[in-house]
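Next, two complexes with chain A in common: one pairs it with chain B, the other with chain C.
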Partner chain A sequence: MRTAVVVFPGTNCEQDVAYALTSLGGDVELVWHRETDLSDFDGVVLPGGFAHGDYLRTGAIARFSPVMAEVERIAAQGLPVLGICNGFQVLCEAGLLPGALIANRDLAFICRFVDLEVVDNESILTRSAEVGQRIRIPLNSYEGNWVDPRSTGRIVLRYIDDPNGSQQEAAAVANHSGNVVGVMPHPERGVDEVLGSGDGQVLLEGFLHSLVPA
Partner chain B sequence: MTTDTQPLFRRLGMTDEEHESVIGLLGRDPLPAELAMYSVMWSEHCSYKSSRAHLRRFPIEAPWVVVGPGENAGVVDLGDGWLAALRIESHNHPSFVEPYQGAATGVGGILRDVFTMGARPIALWDQIRFGPLDDPRNRYLFNGVVSGIAGYGNAVGVPTVGGEIEFDPCYSGNPLVNVMCLGILRREQLVLGTAGPPGTVAVLLGRATGRDGIGGASVLASASFDDESQEKRPSVQVGDPFEEKKLIEACLELYQRGLVAGVQDLGAAGLSCATSEPAGRAGVGLEVDLDAVHVRETGMTAPELLMSESQERMMAFVPPELVDEVLAIATKWEIDSAVVGTVRAGGTLTVRHQGEIVAEVPAASLADDAPIYDRPMRRPDWLDGLWATPARALDGDGADILLRLLDDPALGSTAWVHEQYDHMLFLNTVVGPGSDGALIRVRGTDKGLAVSTDGNARLCQLDPREGSARLVYEAALDVAVTGARPLAVVDNLNFGNPEKPEVMWQFKESVEGISEACEALGIPVVGGNVSFYNETGGIDIHPTPVVGLLGLADPMPGIPPRLSRAEEGMEIWEIGPQATGNLSGSAAQRVIADELMGRPTPPDPDAAKRVIALAAELAHQVPVLHDISDGGLAVAVAEVCIASQIGAMLTEFDNGRLFSEDPHRLIAVLEADAVELPEDFSRKVGTMGGDTFVLGPSDRVDVHELTDVFDGAIPRRMAG
Partner chain C sequence: MKVTVEITRRPEIADPQGTTIQRALHDLGNNEVMSVRVDRVIHLEMAGDDAALVQSRVEEMCRQVLANPVLEDFTVEVSG
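On to the complex of A and B.
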């Protein structure tokens, strides 16, 4: 069961995601954004960072990167696709998740731990957690304010004290079938207690469990 | 201001004497492009011509030094094949003219200095100083600088894990923006800024060259400010963190594959520096073809191409048979590249443009033959007057004084700043912003790198030598509380106009103080930066040396001490010499009395060494260790109360002892009898517990109130 971690020019969380998934037993490979064949992989993560410099609009250029056709195929096959932070923004731009991410309510970058609540555990990110479970992991974004005018998104994690103005306090959103999830805070930054929290483990374990054929 | 009717050399910031020495060196009048190169390379910023004679005083040797001062960054040995690269730089003048881009390009520049050495940059620190925030101009500068650091640092993908923030009227006309970067590398990846043997090919990597930043080093950074400084805005460079991120990854791949003989970044003085310095270091010549340089503007002249400080550029020196491979890696990472020159025997730097030779000079002369000034020095007359009047005693309730101190933006929470910075990327930040020193783990080892940066202009104004020495001791104590022993120092010496004898005296005294403290601790200075001409309208800033100290914790404590680990019933101990109650230069003197006078307590090298060694040992045993510095014992305990959300009761009730900043002291919070502390060097001063901080029989404050005041110190002012 192998996971592709996609690296766009400007991505910067790829090593952290690879480290976190590997430390939980995952088999991970970094994949450059020009790759056009992901048939060897059973799931994909779009990590955080500033893909293509976030120029024009976050994720707006990344959605046209060659690798995205394969990401769309994997999503359509029902295999797990996880976008973290900038990866969430790319998934929205690509139309794989509803809504869009705009600038935070206070127009400031926010890097700190935030408290989340699991509101739906039928997704590749939350399946190993209990509904109502509290999770504390770091947020690190400027455009973390999720808006969904048609209200078609399934919210799987919400902020206890919403720092960025997201609609329905959404911190993580899934597609209808739950195999594509975007999460704005960083689960991979919450896998070592010595760094402040190990709460991200249950989320990434959910992703890794999803790689196993049902 | 100079005007266009003056000769070219003067418009480029050169003196008549410097112009004469160029003529003497070449045996003829210099061509315009040659004059451009000498003007930037011999500028104060690049040549250290006023400071070089004094900088020789620094101790620079230790068995663990791999690369000392003079290269792009200092490099020290961490053991087991690991090296650390460290560098500090100032971007004061550009940040005043254009705060966002000035600060942003400061970050970009310091990163290039570190990855030029073959290291991956893993952490940044920023030391920023402004005038008081009640002035809207200062709020604009503060906000712009913080946004610039965040905008560049976050996007380039290197965490900003700490720094310093200070406010003082002396910075109103001249903010200080210093930035420090730490990188790590395996020993075999070390790369130096050398051009290699004849035949080596110079490949220019990264962003296309434009007209931005022309003369930044000579025109902006090497002169004082006046009313026309805003006209210098075109001399400020514009940064692109996305280009830098790609450049970092491309360069690190070049090093990993062993494809380069040497590398030099393009910062101040641009191509002039990136051609002459590596050639000079290697003792070779270089032929450069300016027509090959990839540009983003048309019609650039040779002097413009040679002086441009366009950002995100790197010069790689590549063995000829490996050039194709280097160009392919550049293409893979989607950065531009161009073959612009070839190394030649001899020592001549020959520059061609549009078929003509526009410069033909001894390469080494640009870097090595810059003038060295022995500028006159004089101890300021006013110093004895200040020393003669001791700091006044503090009247009133300790709790009231404490609240006023915590409401000061230099003492209150830095969250408004550091939450705008990604300080967690790479998953190595074990102890981050808001602590004495940061602790960065080196994954795959038991090692932790501890770093602290310290400046204190008020102490240094009152006593530049002893004040500067105290910075080194304080930084060493800051890293010791994370379990580290001090390893090496870099310094950023921010001073006024060196043409004033009093400023030169302050500078010399400061260098002496840093040197003495480093010698006492047995640690070398591995690099530094000098920023002169920090004056506006004839008023110099207070002398502001900033010390960055790297320590190594090996092994790192399993759970390092944190301010948030205090619990009900734990004892509070003060460790180190007894405070004398001297308030000279203290935060309390500034905030409560609005004065600066008296003579601060000088450091005691023996006490410093003892407290540093003890702290490094205790860091493995006790839950809270905290340096006593700005605001004294009372503020140190209050910070523990706020971080742990628990009260405290002090048995110490004298305001002098509560707020004095006498050196070499820290607090430890621990379970009773958990650790044996030396009786002659420590004393119990209180107990943690309850929900109020008790400073005296009827002198107390609620922890919630402390927290609100502390958290609001900066946001409350920036909201206005």
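On to the complex of A and C.
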């Protein structure tokens, strides 16, 4: 079972995601954003960074990259699609997740560990965790403030200390069926105690357990 | 033709940048400032001379990519 990790111009977390998934037993390949065929893959991750320079709005240009048609197909098939940080922003712009991400409430770029609580474990990110479980992983974003005027999002992880003004303290949001998830903090940067936390493991294990043959 | 697109964040959506600028203006003694919102203006030059067609094409581009319908409204002004 193989996972595509998409690389846009300006993506910068692809190696961390590939390392983390591989260390947990995943079979991972980096895929350039101009790829138009992901039929060999059973799931996809959009990693963090600044896709296309984040010009216009975060994720606004990336959503029209050629690979996104395949990401939309994979999402529609019910296969796992995970967007981390900038990847979350891209999934919102693409309409695969509800809402949008705007500048943090205090206009600060936040780069520190945050404590999260699992509020829904019926998603590809949280299925290996228990509801109520605490997760400590790094947050690293300026536009991490999720707004959802229609309140249609399913929140699967919430911040304990409301760092950025995100609606309902949402740190990770799923689509209705739970196979598409966007998470603002970085599980791949918390997969080993030597990094300060290993709590991200349970989230990425959930993703890997969600892979079924395409 | 020259086209000016103004993209404005909906009033119900927070504008942290506007709030921060308002605070700075107050700190400088400009206490009559009641609200600040920061919007985006995009200037386009379009081929063709049919103003109505240009208007509708640019409105389509706003819905497609220039504005995010979750957050923003837009106005399009075509001038010769």
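In this section, the second predicted complex is superposed on the first by the 212 of 214 C-alpha atoms of A that agree within 3 Å, B and C clash if a C-alpha of one lies under 4 Å from a C-alpha of the other, contacts with A are read in each partner's own complex, and residues count from 1 in each chain.
Going forward, contacts are C-beta pairs under 8 Å (C-beta built on N, C-alpha and C of every residue); 3 or more make two chains touch, one makes a residue touch a chain.
Computed from a predicted structure; not experimentally measured.
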Practice task
Overlay done on chain A, so just call it for chain B and chain C: clash or fit.
Solution key: fit
Completion exercise
In this superposition, the partner of chain A with more touched residues, chain B or chain C, is B
Exercise for the section: Please indicate which partner A:50 is in contact with in the superposed arrangement: first for chain B, second for chain C, both, or neither. Expected result: first
Practice task
Measure off the angle at the C-alpha centre of chain A toward the C-alpha centres of chain B and chain C in the combined model, and quote it in steps of 10°.
Solution key: 80
Exercise for the section: Considering only the touch criterion stated at the top, classify A:149 as touching first (chain B), second (chain C), both, or neither. Expected result: second
Exercise for the section: Using the touch definition from the top, say if A:112 reaches chain B (first), chain C (second), both or neither. Expected result: first
Practice task
Once the structures are superposed on A, label A:169 by its partner contacts, choosing first (chain B), second (chain C), both or neither.
Solution key: neither
Fill in the blank from the handout: Smallest inter-chain Cα gap (chain B/chain C, superposed on A) in whole Å equals 8
Practice task
Name the residues of chain A shared by its contacts with chain B and its contacts with chain C.
Solution key: none
Fill in the blank from the handout: chain C contacts chain A in the complex at 10, 12-14, 16-17, 20, 65-66, 68, 70-71
Problem - Interfacial residue positions of chain A with respect to chain C in the complex - result: 56-57, 60-61, 64, 92-93, 98-100, 102-107, 145, 147-149, 165
Exercise for the section: Flag every residue of chain A that touches chain B in the complex, lowest number first. Expected result: 9-10, 12-13, 15-16, 19-20, 32, 49-50, 52-55, 108-112, 138, 140, 142, 186, 188-189, 191-192, 194-195
Problem - Contact footprint of chain A on chain B as seen in their complex - result: 150, 154-157, 240-242, 245-246, 332-334, 415, 418-427, 429-430, 441, 443, 558-559
